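Multiple structures are listed underneath, in structure tokens.
Next come two complexes, and both contain subunit A; in the first it sits with subunit B, in the second with subunit C.
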Partner chain A sequence: MAIAIKGIEKRFADAPVLRGIDLTIADGELVALLGASGSGKTTLLRILAGLEWPQAGSVTVDGRDWLALEAQRRRVGFVFQHYALFQHMSVRDNVAFGLTVRPRASRPPKGEIRARVEALLDLVEIGHLANRFPAQLSGGQRQRVALARALAIEPKVLLLDEPFGALDARIRKDLRRWLRELHDRLGMTTIFVTHDQDEAFELADRVVIMSDGRIEQAGTPDEIYDHPASPFVARFLGGVNELPAELAAGRLVVPGADAGAVTPPAGTDGTATLFVRPHEIDLVADSRAPARIRNMLTSGPSIRYDVDLPGLATPVEVELPREAARLRNLRRGDAVRLRLLRGRVFSAHGAPLPPAAPSPERHRILEAAL
Partner chain B sequence: MTAAALRIGLRSRRVLPGFGLTMGTTLTYVALVVLLPLAALLLKSAEIGPDGFLRLVTGERALAAFQVTLTAAAFATAFNAAYGLLMAWVLVRYEFAGKRILDALMDIPFALPTAVAGVALTALYAANGWFGQLFEMAGLKIVYTVTGVALAMAFTSAPFVVRTVQPVLESLQPDIEEASATLGAYPGVIFRRVIYPVIFPAHLTGCALAFARSLGEFGAVIFIAGNLPFKTEIVSLLVFIRLEEYDYAAASAIAVVLLATAFAVLLATNALQALAQRHARKG
Partner chain C sequence: MSDVASPPIAAHRSRAVPRLLIGLGVVLTLAFVAMPVAVIFAQALSKGLAVYRANVLAPDTLHAIYLTVVIAVVVVPVNMLFGLAAAWLITRFAFPGRKLLVTLIELPFSISPIVAGVIYLLLYGAQGLLGPFLEAHDIRIMFALPGMMLVTLFVTSPFVARELIPLMQVQGADQEEAAVTLGASGWQTFWRVTLPNIRWALLYGAVLCTARAIGEFGAVSVVSGNVRGETNTLPLHVELLYHDYNAVGAFAAATTLTLIALVTLVLKALLERRLERR
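For the complex of A and B:
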């Protein structure tokens, strides 16, 4: 089901939660709504499910106005953050609920319901737990029951609110892969809400980053990672250094660093900020350079350096692959020059400049390093 | 099990001390205030032997009193089952002005001396009382009938249902109702299949307590009942009358039956409840 969301605005009392959301989702797409708590992502999901109504905007699904439909008639599979299982029903009855509550005319016969529930329980790999009650299940098993229950109504759209939020890290990883396979196999449109960046990037075809009731950026994980649309997104993705820079006559000048490899963006001259990730910086020993290595940390496959740059309050983080680090043979207190291989430049006024393209030199350096 | 728990309690170290003292005080209290009088009652009625006992409790007047009491208690409980559930629902589900006052009012029947309640109800529902006049016009007599007895019982036992259902309703997570809605269930079905099964055990407990209380209600009932033997005389009044006549054997025999009935109701309730809550067991 293709979903078109236009101009959605939602206020609770007087507090705006969504301030104009426009988003189209293609049929069969797996989309992550990513944002901090309070960004409005869950509210958007609830509006799609028919559990909240916006004050303005429209939701059209395959040409039908969805805001005119109540939750019961949208046929949306919704998996709640805390699963919302019926505690007094067995797993089997929980899964069958969506079928047994249908009016008699459209309700499948008992045998068919039973068969379908069995098939669903096998699909989510908990066939052996059919007669248990939710209180007797582990978190991961409850999650599967909730999913099977949502799938029982053969939803055209599957919505999941923080699907892995309440699970251990280990189970979470397994379930992620499994959910992706399930989505591919069943071919419905799936939207899930998460605050976990790894989860969104690993699982989704497209990630929608939300903040303060607005969409900051929507794109494939690669697009967002390589070309963050705003300083907010660059910061939100985390693990990034912010270096003050100067744009002058088409050249990018970063005090204390060599930015020659970063293709300067076309744009107005003036002050700007360069966002550069730790692994996009190389270190070269240079006794005349102003930067000093403050600290070194080994994290298995790579070495992390904290480099003090004059004029910067926080040290710049640099990450070199283990092999490259061995070749550089740097020690604490050494004077180094920062070579920036890649970066994204935003002008000081916050207006995003066309992102810097990766330079051929970067690949050369990386190849040499490895 | 109690003995085992005691031994563990004495041996293991706990964060809060005083297990021995608190447990001892509790058991002493239970023995003195609850068990001893009950034992005395049972002993007294045992003195008369099984034949005498049977004769006393199946006497015509006693049987009539049992019938009046059980019928009135059943009606009062049925009324409270519905009204108490509704009241708890309103108090939990909606926000409105004066909600806290209404909530506090729920406890009035407990706080009010039952005799005061009885006098007030009698005044209101008497043939010349405010409500009594209206019912009179409709051809309904309340005071000095079994209806009046049931009314008094319903008044004094109403809080049991409200107060047992209320916390369970409050603890219901809204997301299970939302989940039901997304699965295609409409409000009626959601109540019947999702909400009521969860509050059922508490509702049952409330009703059982209300019924047990109604069986023994004395103060509120005797004013409105008229106390005509064979017509509107309740069991606890009959016990009182037998005591006044120094007929301790008859009084204790009838009292024992009343006690057994209340006990059986509570026991049956617990069994039903255990059945209804088997899903909560781990394992």
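For the complex of A and C:
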């Protein structure tokens, strides 16, 4: 089902949680709502499920006003973060619940309910646990019961709140792939909330990055990774260097680095910040260059360098493939030129940048103290 | 550190202290719990089994038992409903004055039962606030069954709510929300999800409530009027018989109260075990 969300605003008491959310989700899409805790992503999910109501805005699903429908009548499969399994019911009864509470007229006969529950338990690969109680299951098994229970009502939309949050890392990876396959097989529209970037990028067709009740960017994982819409998104994705830059007459100047390969944004002159990832920088030995290698670290297939650039409080992180590093043959203390292969520029005017690192003065004071 | 340095003393101490404390516990339990109970039965049976039987089966005593049971049978279900509604309201909704309501629910615990009885007397008595109105409409609340039920309700009202509120707070609304998204109506959610999750705590609260309703003396004595065979509950009847210098009768009546208390105690222990297992 296609979902159109327009201008959703939500406040709890006086605290705004959602400040105008616009988002359209296509039929059959798998979408991740990604953000830190407090970004409003779970509240948005709960509004879609009918567990929360917004103060303003609209949600339309296949042309129907979704907010006029009670949660009971939306037929949304909701998987809670801590599963919310019915503790006093067996796995079988948990999964059957959505069918047994239907009004008599639309309730399937007992035999059919039983058969459908069996089929669902097989689908989530826990057929042998049908008579257990939730307290007797592991986290991953509970997760599958919760999913089977949500799927029992044949939802057109599946909503998952931090579906892998409570599981350990290895199970999480398996379940991720498995959920993707399930989504493709059943053809639902699926929306899940996560704070785990890897999870969102690996699993979703489209990632929606939320912060402070707003959508910062929505796009495919590649779009977001290659073209972050704002400094916030670039920083949120992490592992990125922020270099002060100057835009003058269509040219980008980064003190101490060679930025010729970076395409600057058109028009705006003035100070800017260049966001560049460690593997998007190459190092060239140059005895006249101001930058110095402070530290080197081997991390398996690549070598990480911390490079001190004059005027910069934090060292620039550079990552070279092991082979390239061997050819460069660089040592600690060597003078190097930074060659920037790619990067994203944000002008200081268009997007005000809060300082990401302690000021140079502070850093010097600290260094002197040490 | 000193324990390590001098093991003999430490070992000696560690055996002596528990023994002393356990011994103290046993002596106190015997003196304050077992002996009084034994005395009740010994006194009740001091003139033989036939006299005991006659006393327990005396019409006034039987009526007192009947009245006590009637009050409990009415008060306990009402308080279960009230406790459930209050706990649900307090744990599932956020509204201004929620904390105040919690305090209000616990108020009967901090008010002396005698004072509670007097409050009702001042409200519903002939000289009370609502007295003239009640008299004009020929409604009798004071010194009659309705008044005794009202004060018992008041005194026992916190028991169920106090058991349910912490439990429902810990459980949260997750399971109920899950039921709703699966299409369950409000009633279906209550009967199939909420109630099964709290049933043992609800029963536990009901048992405590029953025990108190049966044993209540102070508040009921203020509003009952102590009419023998009419408005006398068991605890009041025991006192009445004792003042009549009918020690055997008083103790015989007391044994029925004691037996009810023992049954309650067993039920309470069973429920506690149930609650702990969950």
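Just a few scattered comments:
Keep this in mind: the second predicted complex is superposed on the first by the 349 of 370 C-alpha atoms of A that agree within 3 Å, B and C clash if a C-alpha of one lies under 4 Å from a C-alpha of the other, contacts with A are read in each partner's own complex, and residues count from 1 in each chain.
By definition in this document, a residue touches a chain if its C-beta (ideal position, glycine included) is under 8 Å from a C-beta of that chain, and two chains touch if they have at least 3 such contacts.
Here the structure is a predicted model, which means the values were calculated and not measured.
Residue contacts after overlaying the shared chain place A:A84 against subunit B and subunit C alike. In the superposition on chain A, A:F133 contacts subunit B only, with no contact to subunit C. Counted by residues of subunit A touched, the larger count belongs to B, out of subunit B and subunit C.
By the document's definition of touching, both partners, subunit B and subunit C, reach A:A71.
By the document's definition of touching, both partners, subunit B and subunit C, reach A:A49. Taken together, the two complexes place residues 49-51, 71-78, 80, 82, 84-88, 97-98, 101-102, 149-150, 152-153 of subunit A in contact with subunit B and also with subunit C. Against subunit B, in their complex, subunit A makes its touches with residues 49-51, 70-78, 80-82, 84-90, 97-98, 101-102, 133-136, 149-150, 152-153. Taken in their complex, subunit B has these residues touching subunit A: 173, 175-176, 178-186, 189, 193-194, 197-198, 276, 278-283. Contact residues of subunit C toward subunit A in the complex are 174-175, 177-185, 188, 192-193, 196-197, 278.
Subunit A makes touch with subunit C in their complex at residues 49-51, 71-78, 80, 82, 84-88, 97-98, 101-102, 149-150, 152-153.
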